[in-house]
Amino acid sequence: MNIIDQGQGELFLDPDPDKARAFFRTKNRKLVNKVMDLKEAVAKFVQDGDYLAIGGFGANRTPIAACHEIVRQKKKNLGFAGHTSTHDMEILSAGEVYNRIDVAYIIGLEARGLSTCSRRYMESGKVKVTEWTNYSLAARLRAAAMGVPFVPTRNVMGTDTIKYSAAKTVECPFTGKKVVLMPALYPDVSVIHVHEADIFGNARFKGIAVADVDLANASKKLIITTEKLITSDEIRRDPSSTRIPYFLVDAVCEVPFGAYPGNMPYEYFSDEAHLREWLSVEKDAEKFKAFLDKNIYGCNNHEEYIARNGGAEKMRELRAKELLLSKEVSS
Amino acid sequence: MNIIDQGQGELFLDPDPDKARAFFRTKNRKLVNKVMDLKEAVAKFVQDGDYLAIGGFGANRTPIAACHEIVRQKKKNLGFAGHTSTHDMEILSAGEVYNRIDVAYIIGLEARGLSTCSRRYMESGKVKVTEWTNYSLAARLRAAAMGVPFVPTRNVMGTDTIKYSAAKTVECPFTGKKVVLMPALYPDVSVIHVHEADIFGNARFKGIAVADVDLANASKKLIITTEKLITSDEIRRDPSSTRIPYFLVDAVCEVPFGAYPGNMPYEYFSDEAHLREWLSVEKDAEKFKAFLDKNIYGCNNHEEYIARNGGAEKMRELRAKELLLSKEVSS
Amino acid sequence: MTDYNAMEIMISVAARELENGATVGVGTGAPCAAAMLAQKTSAPDLVIMFEAGGISPNLPEMPISVGDSRTFYKAAMAGSMNDIMEACSRGFVDYTFLGGAQIDMYGNLNSTVIGNHANPKVRFPGSGGANDFASFCWRMMVMTPQDSRRFVEKLDFLTTPGWLQGGDSRANSGLPLDSGPYKIITNMAIMDFEPVSKRMRVISIHPGYSAKDVQDNCSFELLQAAAIAQTMPPTAEELRLLREEIDPYRYVIGR
Amino acid sequence: MTDYNAMEIMISVAARELENGATVGVGTGAPCAAAMLAQKTSAPDLVIMFEAGGISPNLPEMPISVGDSRTFYKAAMAGSMNDIMEACSRGFVDYTFLGGAQIDMYGNLNSTVIGNHANPKVRFPGSGGANDFASFCWRMMVMTPQDSRRFVEKLDFLTTPGWLQGGDSRANSGLPLDSGPYKIITNMAIMDFEPVSKRMRVISIHPGYSAKDVQDNCSFELLQAAAIAQTMPPTAEELRLLREEIDPYRYVIGR
């Protein structure tokens, strides 16, 4: 193919579908019990140097408990898909667990402001950066999910965003138009948080999917954290609701409130006060160290973290906020 | 792009995404009542010469009532996506409504045998044929849904199937591997049968999706036939269940048992006796003419067709069969 | 004269640009407030889409994130990012509102870095969905304060496409045809783009500001429309809706 | 010796090829019967997938269509055609069973036309999902009657890829690496493919048939394995399962 234009950014992963096939061929297709502790799942499936992707959307249905555990286990030299990453990136930056990143959206927490910690780490020179966009990374996951080396898109042309990416512009042989080829992205390991899963890994979630279905299909290793385990009979009673089939999944970890302090649709809203505390405490190195010791390094698990930040009463508040119960009271 | 190989088959539709965009720009995005009689919807949105695609899978969640209406209105010179087409094609062939076809699966009714009527029409020389595969046509719809002129796949290489298609083989600029580019397919009009829809066109279905979500996104005009209308409040109570958003939809037609004699998941099983009758009566031109007069031309609508083939009692039987109630009785 | 602040007039002006029955891809903050105001005034059938998957929600309050539960509250559909981005790519989305650290005379935006990319002086979030929306949606609008450090001669990094280098450059770029920047709304004025050169052009100035004020707060030369209008200030009703219904806690409109 | 018919031995032999915990993409009829038999004997954890979207159903009876309700009855997931085909494309599906009107010495199949394509003597259904499964699944198997008109020197139309022209031709074709035809199961014998030439080779002959019978019912020269086994006939248990549980109405195994 004649390449009209191509980015000079580094491609961190091999888009070769035959190499991915050789790996996927070895994955176990049996219905086996994959339930394990999150500590064990992260120790077993997140290896130093792996390329990591995190499901959800920044602080929405995001496996925050897993991000804490990855930092707690002091993983190093990870690659990271900075795809709609917000609080997840803030946590991973605090642990400096990654040294290369595909950027779509980073550093910011949307309307909440920017993370000093993420920004400091991104400006430290310790991180290799390739630039993409939200759709570009979603398209790269789609290509991997399809088992092809790329998919075409029509964004980024004419910008520095493509110049610092690893995409290539070619001429469409059907229309003569320019299209951008987005190379397949097969993360080594991903973590996705869901509402319900069975012990084999069949998983359901409610609300927006973001890019999680393609992410699940594209990932070589996949850890599912779930608000609760359900029976396989319940999964099979309504197979139309299954979003992630079991054979993609390596570990199933039951982590109630696993997206806290983020938002879990229909279950609990985000803890904005705690997220503001993160953003402010980051500005003071001393305070931030103490904050991390309290909330991550000093906790054995997510349950302890929640206990230190309001516990059951706080969860009740956040559930009421998610369900907008106040509007019912006032009306 | 250097073209290594390309099919000699005719490409019946323009894969240019800018032309599709110009059309989609003009589609009404307002929440307006789109409920109308199927007769009116077919008269209004299926024009002679249009390229037609039919949702579902042959005789499963397929808009059979719409196929009858298209034949009843004697539409002519349609293009047709022969994608997993079985009983739908049998009906459309009986009316000789199409004169060009993209073939993935045609003529057969799977385990039931082959349709003499479809085969006779396909062997008549009246139909232009381009060859594809089930996934190739699904991929072409996916490309259209993505708003790009093609997507790559790794099937068909080295076969006559690609030789008689309109696909092109190129070298992947990332891996040097050969990939096939499947041109986008934007049907002029499609019909999809669902379980539930609101008056604006927000639609839900249960069970397998086949290629209907991409088909809905790819189609320039879209007719939804639904087992029943539901309130928009019910749609909005559970937006995660919406498979087709209203702005894709031009007409909503409430057609109970609209997939009969095919299978509608969780509602009614296929009427195998009646499908066998179709296959046998086709072999005798006289008998077939009378059969079509009785079941299509002589009916005003699907309700009359059902009344002539067992009516409510038959529908009860097929529901019991779908739900496997006999196994509960016997156990 | 009704009393209002800079954010309130920007949001009111932006809302008026959205006609009834249009589709708009929005982010959090001012763009979302503008879309909500439009729904409560001239465009009750305006269809709001959020890049994370929310389609046509009945927003109960302003979202904090484009992916939080509010973005698909009583929505027509809770879809995926690809559902939204592909709808944009197919030409189903009419408008989007974007912002950035820098904007140039062709409406190109920088939200990536200040300084050079290898070791930037300042690192920003990057494109997010901005480049995608600006590439795909028919008409891209920007709400931003009028400030010489924002309105620059040359961007440090071209994150998101406007009219690129002007003239036919966008038409020849490969980006979808006939899409591009439409209006730039600041605290001082409304700008569009001169059809041939695609350079930014002042078409309306807000009460209390002069053409000189606008140019003095822009580092490149602004074209002037033949007739420059005076912007209609926010109406009492627009202000009431913003202050009482849309942003009662003044997260966006401030105090 | 237990009494059985041609279809029963083909299905029994096919079932034995499917190891426990493998994934298999199947159609209706004999392939589905073989997969169901495997689940009831040596491969309880065999995962069945149907091209229309059904993943790992608990089949209550044999489906009439690869898209009917039975194909996702109590399934792990009722997905889409792309969910299945993309799983195959990614290398998640180990086996598939196919058939056709013609097969050649390299396991290529014709299910499109007899005669020339422009005006065929006979028109068949076309590829359906066969080309896709044969392109993507690791090991493609065929169940077909041994018949000189089916086992032909040259196909009228190469619908579905086997080893193409043999040797390295498939490896160089662009199709996924290391995928291809594995076993051909007929009413008389089991064939595999000689590793270098990729030509069809007899490895086992069913009771009651000779090497000559097999060759006499094939239009091309069959290679012979160094040691040719005698196929184990269907066991009483295999026959009981087929006749009583899997196909009680004998739709597939006949009377």
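Letters A, B, C and D mark the chains as written, and numbering starts fresh at 1 in each.
Simple rule for what comes next: contacts are C-beta pairs under 8 Å (C-beta built on N, C-alpha and C of every residue); 3 or more make two chains touch, one makes a residue touch a chain.
Bear in mind the structure is a predicted one, so any value in this text is a computation, not a measurement.
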Inset, instruction - Any chance you could name the chains that touch subunit B and subunit D both? - result: A
Legend entry - Label of the chain whose CA centroid is most distant from the centroid of subunit B: C
Inset, instruction - Decide which interface, A-D or A-C, involves more C-beta pairs in contact, and give its chain pair. - result: A-C
Legend entry - Gap in Å, rounded to a whole number, between the CA centres of subunit C and subunit A: 28
Legend entry - subunit A and subunit D, separation of their C-alpha mean positions in angstrom: 40
Legend entry - Cα-centroid distance, subunit A relative to subunit B, in whole angstrom: 37
Inset, instruction - Please compute the C-alpha centroid of subunit C, do the same for subunit D, then give the distance between them in whole Å. - result: 58
Inset, instruction - Please list all residues of subunit A that touch 2 or more other chains. - result: 17-18, 146-148, 153-154, 177, 179, 206-207, 239-240
Legend entry - Per-residue overlap in subunit D, given as positions that touch at least 2 other chains: 72, 78-79, 82, 89, 136, 176
Inset, instruction - Using the contact definition from the top, classify how the chains connect: line, ring, star, complete or other. - result: other
Inset, instruction - Write out all the pairs of touching chains, ordered by chain label. - result: A-B, A-C, A-D, B-C, B-D
Legend entry - subunit D partner contacts - residues on subunit A that touch it in the complex: 17-18, 20-25, 27-31, 144-148, 200, 202, 217, 235-237, 239-240, 242, 245-247
Legend entry - Touching residues on subunit A, where the partner in the complex is subunit B: 1-3, 6, 11, 15-18, 146-154, 168, 170-175, 177, 179, 181, 183, 206-207, 239-240
Legend entry - Footprint of subunit C on subunit A - complex, ascending: 56-61, 82, 84, 86, 103-108, 110-112, 114, 119, 122-123, 125, 129, 131-136, 138-139, 142, 153-161, 164, 169, 177-180, 206-214, 263, 265-266, 269-270, 272, 322, 324, 327
Inset, instruction - Using the touch definition up top, name the residues of subunit C that touch subunit A in the complex. - result: 27-29, 51-54, 60, 63-69, 71-72, 78-82, 85, 89, 108, 112, 117, 119-120, 122-132, 135-136, 157-161, 164, 169-170, 173-176, 251
Inset, instruction - Could you pull out which subunit C residues touch subunit B in their complex? - result: 20-23, 45, 47, 55-58, 72, 74-79, 82-83, 86-92, 94, 136, 138, 176-178
